[in-house]
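A, B, C and D are the chain letters, set down in written order, and residue numbers restart from 1 in every chain.
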Amino acid sequence: MSIFHASAEQLELVESFVRPLEELFPVARLHRAEHTDYDNWVTAAEFGWFGISLPEEAGGIGLSVVEEALLFAQFGRHLISPGFMAASLAAKTASLSGNDELAQKILGGEIPVAIARQTAAGITLVDAENAKLCLVISAEGTKLFPVEAIQQRALLDRTQWSIALESAALPGNPIAQASEEDIGASINLLIAAQLTGIAAATLEMAVAYAQIRQQFGVAIGSFQAIKHYCTDMVMNVQAAKDMLSFSAVAMAGNQPDHRFQVASALVVATRAAFFNTGKNIQIHGGMGFSAECDAHLFLKRAHVLETLAGGLKASRAALRAENSIFGKDAAFTG
Amino acid sequence: MSESLDDFRARARSWLQENVPEHGSPMEGPESREYALAWQKRQFEGGWAGLTWPQAYGGKELSVLQQIAWFEEYARAKAPSTHNALFVGMNHAGPTLIACGTDEQKAFHLPKIMQGEVIWCQGFSEPNAGSDLASLRTKGLVEGDELVVNGQKIWSSYADIGDYQELLIRTDPASSRHHGLSWVICAMDTPGITVRPIKTMAGPAKYAEVFYDNVRIPLSNIVGGLNNGWKTAMATLSFERGTASLALQISLSQRVEELIAANDDAGVSDTLMDLRADAAALRAMSYQFAIKSETGPVGSEGSMIRLYFAELAKRVASASIDIFGIGAPQVLAEHGLGFDYFDSYSETIAGGTAEIQRNIIAERVLGLPRGSR
Amino acid sequence: MSIFHASAEQLELVESFVRPLEELFPVARLHRAEHTDYDNWVTAAEFGWFGISLPEEAGGIGLSVVEEALLFAQFGRHLISPGFMAASLAAKTASLSGNDELAQKILGGEIPVAIARQTAAGITLVDAENAKLCLVISAEGTKLFPVEAIQQRALLDRTQWSIALESAALPGNPIAQASEEDIGASINLLIAAQLTGIAAATLEMAVAYAQIRQQFGVAIGSFQAIKHYCTDMVMNVQAAKDMLSFSAVAMAGNQPDHRFQVASALVVATRAAFFNTGKNIQIHGGMGFSAECDAHLFLKRAHVLETLAGGLKASRAALRAENSIFGKDAAFTG
Amino acid sequence: MSESLDDFRARARSWLQENVPEHGSPMEGPESREYALAWQKRQFEGGWAGLTWPQAYGGKELSVLQQIAWFEEYARAKAPSTHNALFVGMNHAGPTLIACGTDEQKAFHLPKIMQGEVIWCQGFSEPNAGSDLASLRTKGLVEGDELVVNGQKIWSSYADIGDYQELLIRTDPASSRHHGLSWVICAMDTPGITVRPIKTMAGPAKYAEVFYDNVRIPLSNIVGGLNNGWKTAMATLSFERGTASLALQISLSQRVEELIAANDDAGVSDTLMDLRADAAALRAMSYQFAIKSETGPVGSEGSMIRLYFAELAKRVASASIDIFGIGAPQVLAEHGLGFDYFDSYSETIAGGTAEIQRNIIAERVLGLPRGSR
């Protein structure tokens, strides 16, 4: 039955992957300013997390983008640094550039990678303080640079957004690159996956709080307004999850409509993440507004991931460029 | 030996190409009945009726994925809307009988439904039991081997052209709320029944009020057991929340694509892309639901899909009016200017308001505590 | 205190104007297909309703656009034919064209007027079956034509939208016209007023129903979801009413920002009317979807009025063209 | 003899032009206290403090429309946000004392507030009494001519830099809900008080938890009568819902105009025009409220204006992030990247969640029946 959705076997396999996550990456770590997920970089590489969908002979795990998407949804739940996505995309970029040696090194965890988005003014770097390579995403695809080649780096913020953001100039010659056609769907899928994880985690947080927080003598979850927020949140999660799984399977099977499906997944997941992280704060009330609550961390990370995708408006524009199977002359291929 | 999904799809596509009627259905009255029955008969004769129904009663016992493929091709071929006079028989009464009916009930009714011989109508809501179905008051008193029914139903779809009604009544006069109800097959030509069609804001009268004055129904027409009607009714509604609306979903996606093709206003593009993505997600959810329903009982995802569909349908209709304006040919459709838009207002009302459905999802899916409402 | 808002005296005066409305124009009349508000055309003229803000010497009542806006808000509540607005605007148009004789005839009720909006394809006429003149609104202003000059008239619908809609070609030489600069704010104000009335009437309808309709053993108005809808509706009404009054006073005083204020009033009132008429249907449940309930009549009329204004998007674009007093270099003038 | 509104406005404009500090306020800590006090002193000395306060205590007793004009010019001149450390004194405690205080309380406190000598902080919310304020549990037992206070407050704005606190406590130990509360002036240097600042998602700690361990407060510090605190507290909150936030409203409108000036994306223009129109409507509503409040007691419109403002502020902040992106200088403002946006999340939470405020408006303004919530 895995021709449309992730199979039970795939879901189970990913379960085994994610068992270490709670221990290695408790969300609470983000409250410590000095934490860095790069401390676990080599461990992550050893788990094979950077090369889930790359063939074994290329140093990967030899699974598909379905397992990869499911894993990155878990990364989203744990607010793992987007650098981990950078590693996966950098290995693919190197591999697509024919630089297998570089890909192997990245997969092995030897060279920590950070991620950046090209902007009108240059690039925005995310969590790049411990990286040696930087993968820059743009509408044209990916480019890989040595971090030392990046000029005019300026720290925008490290505390407000709970992750280091820097602006910098776009460097010249990349050491590897991949076209949007080759890697665009991979980028969108991994970002959609993490946003889906964020939407799911905040739903669970909100429901758990609504069940225990008492006001007016009863749990606030018995109030219709809270119920309806939570229902909207769970519908968002269901839509984002199923869209993610469906699009990943289409991509793994190289279905002709897979770019349409993945672009849809990104739009659905982005909106789900914003709605759910915002409502989670509201449901938590004053507590949700406090720095010590996890709620704001999810909201902020959703913004960072949206930024890396080029912004929701750009994601919608990208979806516009795809042909729908529902279009006038298009055939259904299932 | 079994046909591949692609082959099945190709066969469906080619049959539909040759058989879909040129004109859409009349919206109400006897003409709509004749149209619906003729089209159902044609599908049955072509081997396309009751795709997931038991072979014992003339069904095909195909997989849900084949059913989905059929509906997708069905919508693609712009076949008559499945939200027609056959809807209650095909998507409510039929599945309910399959799940809860006696062998006699199944043997008598299922072939008639599949072969396009009868129209079924609904009989759940009452003037004071809308979203709060459990408060219904229409009574059926046991007298010998009959029920004697008195009371009133409202929002009964297709009651003016129906042969049979799925009728939910209070058969234990001392009972209250969910207890003491029965789900009964009511022949609409039984003496004592009066039907008064209700015009809607969209125009056509596909609903009616039905009045019962000492209407006598054999006890053998009870489905799922005397005073066990709540359980049967919940089963009925759960079918509606499953794949029943798949063809409607696909039509919705097609309408989104028409809007995208027609609109060149950048200010509306974001809205349309959200609709496009959400329609794609609705399809992904429906596939997931179908796949899960093949391997075991499915939970309340069905009610989420139904609500998601309802609100998406409203948004699409609203975008259509926004883009084309109220007087445009695209808004005229075949049922009068603005029909689709006006009709979309029933999406979040009919079958329980969106607000009550949200409560139910919050309580059943998420386990939030029951509140006063 | 009338320098910012309608004064108590103005509100009282309009009260006396509107007393006959309930008797002459009960909303229930719209359920009778054969009804026409043109039956009361001469009566309306005798009340002076077509010339509230025109000077007495020109045949008007000699009040201001403040009283006119308040009266038209009442017209909105009673779903009075937009032809009545046509009369007021036609008299102004004739007067601005220097054709005082025509203006007098219109004000006297001798020549019934209908209204139309110019579209890309021609014009959309509203309730024009009993009219002798037709006032066509476009982004350029108003043009007045004899109805017999209008070619290619085709009935689009009479029942679905609860008022006759026709398409036709735009005729040639108008017998009078006014520029957008001279009459645009008057158009917007009268449409905003009627939409405000619709928003207010549906709020009251919804609240009244929520107080009596029982489900689950209590009035549905005790459910939080219904309460929150009603709260949003009353906030819409408050905003639309105060914006209408504020903008009408600004216009009556020829304040430099009055076009900005009136354009804002139209955008606020249009959204209020759509939200409130839609939620009123939802709160009425199945009853709200039935043809015999008044709820749909308000929704449909809101669409017709929005169409006459050129559409909400156009109203927003028109607001964009105005300078805000809050802009960088603008001065507050109160 | 009285100055025309236009003349008043011109005079305000010119004073502000010459006196508005060049730099904004530090966000937290002693520096923010010093800044706020200095700016208040300057306004007082210029004759611009307590515009609507009684002349008997140094106020100007001007009309509300003059007050509005002042706030509009204040915002226009980009004077320091009124949502600063003076907010509680100027907009809560001061008006409450004017309405409910004794002559001694007024004579002692009002001049100090107006002249920029003291900072007031809030003391209403408790960990288990957020939106449900009536469930508060901090106790004040009468012993002789003192109250002995024990308990805990939370979300106390400016408690870490405050001289006085508006403290709402339960003074009748046998009471429940709205009964048996008192509104008390609490000097923050009284022994037994511990303050723990709370960092928010927006960064700076302008709130705090406050712990009370046998804190002794003279009975003469009770405002509005012993065990009559609910009424006094409701008065306090109603001031916040009136014209208090006018300067904030105007700043909001200015921010909308900045967004309009900066944005050239047609897809966002509709959103911005809605914000622009809604900001204009907010101003019209505030004028109406102010005019009505001149001639008599005003109803619950104030709570509508407050909620309208709160949600508009959130929408404006969100549009700002959407348009500029998270790393843009416009988002940096003076308080760190994204501060305004993050801070806007408190708008629909602080002082009672938007959900509870909607309930209250539905019940008090519309007369809908009380539900379970």
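The rule is simple: a residue touches a chain if its C-beta (ideal position, glycine included) is under 8 Å from a C-beta of that chain, and two chains touch if they have at least 3 such contacts.
On a predicted model such as this, the values are computed, not experimentally measured, just so you know.
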- Counting only C-alpha atoms to place each centre, which chain is farthest from subunit C? A
- Looking at C-D and A-D, which one has the bigger number of contacting C-beta pairs? C-D
- Note on the structure: Note: subunit C sits from subunit B at a C-alpha centroid distance in Å of 40
- So, what's the distance in Å between the C-alpha centres of subunit C and subunit A? 50
- Which residues does subunit C have that touch at least 2 chains other than itself? 218, 222-226, 228, 313
- Give the residues of subunit B that touch two or more other chains, as numbers and ranges in rising order. 265, 267, 269-270, 355, 358, 371-373
- Within the complex, subunit A is touched by subunit D residues 125, 128, 130-132, 135, 154-155, 198-203, 265, 267-268, 321-322, 325-327, 332, 336-339, 342, 345-346, 348-350, 353-355, 358, 372-373
- Quick one: in the complex, what on subunit B touches subunit D? 265-267, 269-270, 371-373
- Query: For subunit A, which residues are in contact with subunit C within the complex?
  - Reply: 223-225, 228
- Listed in rising order, subunit A residues that touch subunit B in their complex are 1, 3-5, 207, 210-211, 218-219, 221-224, 226-228, 230-232, 234-235, 238-240, 242-243, 245-247, 260-261, 263-265, 267-268, 271, 313, 316-317, 319-320, 324, 326-328, 332, 334
- Query: Can you list the subunit C residues touching subunit B in their complex?
  - Reply: 119, 124, 156-157, 159-161, 165, 167, 214-218, 222-223, 225-226, 278, 281-282, 285-286, 288-293, 295-296, 299-300, 303-304, 307, 311-313
